[in-house]
Structures are given as C-alpha cells and as structure tokens.
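So the structure is just underneath, and the comments pick up after that.
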C-alpha cells in the first residue's frame, strides 16, 4: 500500500501519478490566484473571509500531502532536507507564519516553485535536460560570476559614496550613502528609475561613467555563460556516443573515442 | 486564366508578380499611415470622414485579393490555415471588427506583418536565408528558452509578492500583488519606468537584488541563442568528408583536405 | 610643391604630416568646446560674440584646408565623394547653414567624426585593424541584422497601436499611435523613461509582454555579432600564413594549406 | 624578526598570516559601516563624535600597517608604486583629506578595494585564476573595446547636440549641449531616467534611433569579450601534440589521440 502511494505521489510515469501531480499544480495556481485576489484593494470582508477559508483548505491539503510524503519515503530525513522537501515545506509554512505576522501568509506564492515540476508531468525529460544543461553552465561558471559580482559590488559601493559626497547638498535625493548605493545599483544595471538622479555637472559626469561601465561590463557575465554553454557546440551531432565506453562529447573531427581509444562508429 | 492569376498573385519572379506585390506593399504602408493620421488628436470631422473612406477602399481591395487567393489556389483550406493565409485574413478582419468595437479597426496595423514579404520582391532570397537561419536558431533553442522564461516568471511572481508585503503600507505604488508583479517585470527586464519604486530600506535592498539578478540572467538567453547561431558553421559543411582520409570539418572555401592535402571532391 | 603638401596633408608618417593632423585635432576639440560653451544658458552678449568670432576663424581654416585638399589630390572628384571627403565637407557646411537657420551651426560637432583619424596619428595601425575587424563583423552580419531590425520595427508598430487602443482613454499619455509607437521603442529597448506608462491592468499586461520580448530578443543581435567575431577564433595563432600562397585563416589542426595543398610551415 | 613580520603581513599561507588578513578585512568592513552610519540623516552630535573617533582609530591602524609594510619590504619603492601599495595608501589618505575638505573623508570606502584580497585568504587560488582569466580576456580585447568606446563617444556627442538643436526651445530639459550629451548617454546605455525626455515629434524620432542604436551596439562589446573568453579552450591545451601522429587540439580530458587512437603522453 505504501508502495502504491509512493508510485502515485513521487512517480510521474503512471496515470494516477500524473493525475496526482496535475491536481497539485491546479491547487498551486488556485492558491496563488486567491492570494492575488486578496491583495486587490477595496474588497468586502465577506469576500476576504471566503478567500481566507479557501486558502486554509488548500494549505491543509498540502500539509497532509507533506506528512504522507514523509511517511512513505524510506529515508524521511533525506527527503526533508532535499531541495524538493524544503520547497514542499516552504509551500506550507507561510500560512501559519501569517497567523503571527499579518501579510506574511502571502508568501504562499512560494508554492510557485513547485510549478517547476510541471516539466515532469509533461514527460518533458528533454526539457529537464535543457534545464540541467543551463544549470550546469551556470554552475561551471559560478566562480567567474562570483568574482565578477564581488568586483561589481565593490565598484557600486565606491561609486555610490562618491555620488553622495558630490550630490548630498543638492535636492537630488542622495540623502545618505546607502541610498546612493541603491542609486548606484539602479544605474549600473541600466534600470534607471529616475526617482534619484544627479543634478550637478560633476554628478552627471560621474553618472555617465557609471552608465557606460554598466553598459560595457554586462558583456562579462554574458561572455562567461555563452562560453560555458558553447563548450563542444557540435559534439552530440557527429558522434552520439562511443559504442564501447558510451562516453559522449567527441569532437566532430574525432575518429577514435578519446576515452577508450576504440574506433568511433 | 487562373494559372496566370496564380503566377501574378502568388509568384514574385515575373514582372507582373513583382508589380502586384509592390502595389500591395504601397497599399499596406498607405493604410497604416491613414490609421496613424486618424489617431492624431484634434482632427476635423471632415478629415476623419475622408480617412475613413480611404481605409474602407484599401480594406475592400484586400478583401477582393483574399477571395481571389482562395479561389485560385488548388487547396483553399491549406492556404486559409497557413501562416500566410491567416496573416492575410488578419489584414482584413479589423476593419469589420471596428464596426462592432470602436477603435479596434486600428488593428489594421496588423497588415504590417505582410510587409515582411518585401524580402520576396527584392529577390532577397539571401535575406530569407538569413531570416530562416535566425528562425532555426530560435526554434532550436525554444526548449532552453522555454525553461528559462518559465523559471523567470516564477521568480517574478515571488519577488513581486515579497515587494507587496514589504511596501504595501507605503505610498510607493505597490497597491496590489498584480501591480507588484508588473513592477517586478519592469525591474527585472531593466526597463525601470520609475512610476512604481520602493521607498523602504528593505524594499530597496530587495529591489537591488532583483536588478542584479535581471542584469546577470540576461546572459542566459544571449548565451543560448549565440551558441545556437554558432552551431551553423559546423552544421552546414560543404565537404562531408575527404575521399582519401575521410576526415570531416572542412571549411566552405577549402579546396584541399586540410589533413592529407588531397583534393576534395 | 604639391607633392610636399600632399605628404603633409594626406600622409601621417612624416613629422610634418603628424604635426598637421595633430593641429587639426586640437582645432576640432577647440571648436566643439566653443559650441558647448555657447549652448550654456545666461551668457553675456560679449561672451557670445567672441565665441562666434573664434568659431568663424576655425571654420575658415577648415575651409582653406578643404580647398587645398581638393587642389592637391590627383582625382578631386573621387576625394570629394569619398567618405573622408564628405566628412571633411560636413565639418564646414554647418557654420554657413547657421547663417540661414539659427542653431544649426551647432552641427559643427559633426567635426567630431574627424577625430576618428586620431588612430592614424598615433600610428595605431593595430587599432585600425581592430576597428576594421569589428567593421567586417558588422558588415558580414548586416543582412541578419537587417532582417532582425525590420521584424522588430513591425513588432513595435503593432504593439504601439495595441497600447493606443487599450490606453488612449486613460491619462497615461498614449495620446496618438505615433506616440504609442515611441513608447513601444522606449520599452522594447529597455530604456523606459516613464514619461509614458500604462495604467490599466490590460495595458500593463501587454507592456510586460513587450518588456520580456525586448529582454529576450536582445539575444539575437548579440548572438549574430558574437558568432561573426568568433569565426576562426584560433586561426592566426597556429599558422600565420601559408608560405606558398600566403593565405591566412587555417584551423589550428590543419597540416596542409587548405587553399594550395602545400604543407604548412 | 622582519622575516617573521613579512610572512605574517604579506603572506597568506601561514596561520598568523591568514589571521592578519582576516583582521584587516573585519576592520575594512567595520570602517565602511561607520561611514554609512555617519551619512544617515538626523544623527545626534554625540553619535557623530563617537563614529569620528572610531574612524580615526581604524585609520591609524591602517597607517601603522602601511608604514610597517614599507619598512619590511626589501624594495620599498617598488611596493609603494605597485597596484597593491597604491590601494593601501588610498585607504589612508581620505581621512586626512577630510580634515581639509569636509565630506571627502568618506572616500575611505576606497578601502573596499582591499576586500578583493579576501580571495587570497580563502585560499581561492582557483578564484584568482578565474579572475585573471576574465582580466586577460578584458586586456586582450582592450584595443577593440577602446575603438568601440571612442566611436560611441563621438556618436553620443553628435546625437546630444542634434537633440539640443531640436528640443532646446521646449520645456523638456535640454537646456545646454552638455546636458543633452548627458541625456544621450542615459539613453544610449538604455538607463533612461526620464528626468530629461524629448517632447517634439522630431526629437522623439531621433531619440528612438538613439535607443535602437544603443540596443543594437551593446552586441559589440558582448561579442568582443565572449570571443576573447572563448579563445581559452583552444589556448590552454594539455596535450600539445600526439607523439605518434603529431596532431594537436586534444581536450584536457582526452586519454587517447583522437586521430590515430594512440595513447597520449
């Protein structure tokens, strides 16, 4: 019986398994819609009350599901501390958190994270592949990106402070260094709200430098990820896999498997 | 006779065929100009009336053309449901739609889509190639881009809700979750209108994270498309293999095998 | 004597030639500075008068230079209609244009284009190479970019009109289709001034789509240029040039020249 | 004794050396926090006074450290004029600069630059590698980027002036050419504050061109850096050549020659 439940709840290959996942997704979208409706201004108390009830219904369903999951898996702790388990938990907590701090229950939108399992249902293993390819590319370039972001942050802090020193006497909104650093982020990322903008000649000159920098250095993360994704662009095409060792990733001009030395088909 | 018409209306190689397409394009640009003039404020009724008449003239021409097209093609249904056929229909509908809902007739700008056939007239088969190359690259990377966009959307929903929880008490415009999600899109895409902007320290901190994320993850679609476009050079190889050493990967402009120096077939 | 002048004015290898070019650059920067000063608000008439005189001095020098250039070149017409000749002419016209239309004389900033010859003086042939590499990459991808921009323009027109239909009744600034198309450009390019921004739910939804589109399709031009620049990244490194036919661009794993079949050194 | 100090202060491999660097980082973050607190509005004088004292304490520590560094290195001048030495000096100067010009002492945030040594402590030689890889890529493409930026600047100046000529009569904020050039930067980099925005039809048309240009040419720096970063894979090859067939281009993880199948040395 636990076996059956396991197949239904954790599997996505059987009909009931698919159905189960599908129901979950419907519930998730449903609960997110509730929260959004709830946030809309000037709603009657009755309306609000009903939404609240509906939300608790969904939450309790998820709670039950979570408990069942813990019950049926062989290694509960492994599941609980797995990414999947944490996401499942995050889908429940907010409702209870909402009892303590008003508003926080809206974090149930974290359930949206569970929507990512839609790929599993649609049997889009291909999609998963693509996803994991992207993921691998990002992981492979995490160090480079780390160094890049760290440097950018240092840059942002310095630029922000300089702008504060230059503009703080003006009415241009640079009221403190943290605010100026916020402006620095807004500008370097080319978002540019305009709620804070330099008015002095010197400030605008420095701002121009920040902008051109931001415009130029975006090339760096792009380059990093592109190169990572680009590793062996034509690999799969020519030799899908060595018929002996089954390893992939041979160059298009490879004649022998570079891992086992056997001739490639 | 149907044959003749077919060559004229569907072909673009004969003189009359080119002329026909050219007239179409002139008409399209003409009708789009009409709509734009019409939208300009404080115009006299007479002026408006004339534009209206002119527009109906163009529309009726397109209607006749559409009917003729259906009449002369061998498989009418296939044409009607082809991309081309739908675009042709979209160029007519709005005018009639306008009778029901005022303003909607301005959708005649959808005719602009027909302008893309300009490439055919100019005999820019080369352009078509380029276009289809881009298209293939986008199609080839649709799965990766799909996964990417889906993830980004989930991210946007969560970020938007968090901002709503943080900023909703302020006068900063985060009046509801949908609005906050809209802000989330505006910020993540680095558009940054500034009509909605965080004012609390916490809100600005979260906003900064969203911006840096948006600034960084743009690298992903860029990387995907670049790699796809980059595949081409190794995908289309003129010489599949040297007939002597059988080695692949020769460039288009190669005359001799770059491995054994023998002439390539 | 004409010979001498030619070497001085057109050459940049001899000392006097360098000096001449250097003087030109100083004059250009000087005249641009004049225009900028002139544009600054609340300046006295005397101040204005002096600037005016200075500007005419510079202009007359350039005029003389231009005439001399025409006089000393063997094929005057070829020079006049060459990119260089047109740029030189553009540096003079505005001053006279200013006599007819006030303000237009400020177009003397077009002289800035002549600053690009700074590379020649600094003997930065390397720089020129780099520049022409970029140029070649852009030229090679002009067709792809053309198709891309044309499609984007069609998209912008349609999106702009849709927004006009949706928002024209609001106070959100979509007063006409041209204005809405302008908004469309501002948004798709992720500039986002915020002077015009949707206020209706439907408008904001459509705007979000435009933004995400703009955010995604920037990948296309980037991909195109990157691939063009990336053609044979490691070419030069291994085989600078075939010692027989002198052709470059051999792959790093090439053993024989792929053009003449001779063994590579 | 100087030896010992040298190992502690300049080295990061020994325990004391690590501890020393760690203390430095803590002090840096501490002093930056002080400056930020100080910049916050409406703080009492006492509070300000205390922060001031704390800052001087940190500064004097850094001063002592700097002197010691000079004292213990064999070639003081080389250290003083090295990037590291200048950064260390920049961390001290502002405090004293602040005595002369109020506010400038906030430039102590320049100490943030010293945070980059965090990589050393964490023994993240890998990170340093990544960093220097990025650095090499940027250095290798500096010429191309130089040409690119120079051209962009010329473009910005011309566009800015044209906008000034068109919009200067309006209330749209184009009060002078320098301001218009500032707008030009804000727009071309797609930052788009909106504090200055064109209002005339002609101005908005020109602005649209600037935006699309800015949107398109960002492809250039991205392409440059990507290609440079992409060179790496073929630059650092583990197996220079197969000892049997002498063919190059083997991947890092290759065990056998991919051309002749012989084991690689």
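Note that the chains are named A, B, C and D in the order they appear, and that numbering of residues resets to 1 at the start of each chain.
Keep in mind that, in the parts below, a residue touches a chain if its C-beta (ideal position, glycine included) is under 8 Å from a C-beta of that chain, and two chains touch if they have at least 3 such contacts.
For each chain, UniProt lists the protein as follows: A, B, C, D = Voltage-gated potassium channel.
Being a predicted model, the structure only gives us computed values, none of them experimental.
Q: Kindly list the shared contact partners of chain A and chain D, in label order.
A: Neighbours common to chain A and chain D are B, C.
Q: With over half of the numbers shared counting as same, classify the chain A/chain B interface as same or different.
A: Different-residue interface.
Q: Name whichever of B-D and C-D has more C-beta pairs touching across its two chains.
A: So, comparing the two chain pairs, more contacts are at C-D.
Q: Quick check: how many Å separate the C-alpha centres of chain C and chain D?
A: 27
Q: List the centre-to-centre spacing of chain B and chain D in whole Å, with centres computed as mean CA coordinates.
A: Measuring from centre to centre gives 38 Å for this pair.
Q: Residues of chain D that contact two or more other chains, please.
A: Answer for chain D, listing residues that touch two or more other chains: 178, 190-194, 214, 218, 222, 224, 226, 230, 249.
Q: Inside the complex, what are the residues of chain B that reach chain C?
A: Those residues of chain B that touch chain C are 32, 35-36, 39-41, 103-104, 106-107, 109-110, 112-113, 115-116, 118-119, 126-127, 130-131, 133-134, 137-138, 145, 149, 152, 178-179, 182, 185-186, 188-195, 214, 218, 221-222, 224-226, 228-230, 232-233, 249-251, 253-263.
Q: Hey, which residues of chain A end up touching chain D in the complex?
A: Per the stated touch rule, the residues are 143-144, 146-148, 150-151, 154, 157-158, 161-162, 164-165, 168, 175-178, 180, 187, 190-194, 197, 201, 204-205, 207-208, 211-212, 214-216, 218-220, 222-224, 226-227, 230-231, 250-251, 253-263.
Q: Taking the touch rule as given, give the residues of chain C at its contact with chain A in the complex, in rising order.
A: Checking each residue of chain C against chain A gives 190-194, 222, 226, 253.
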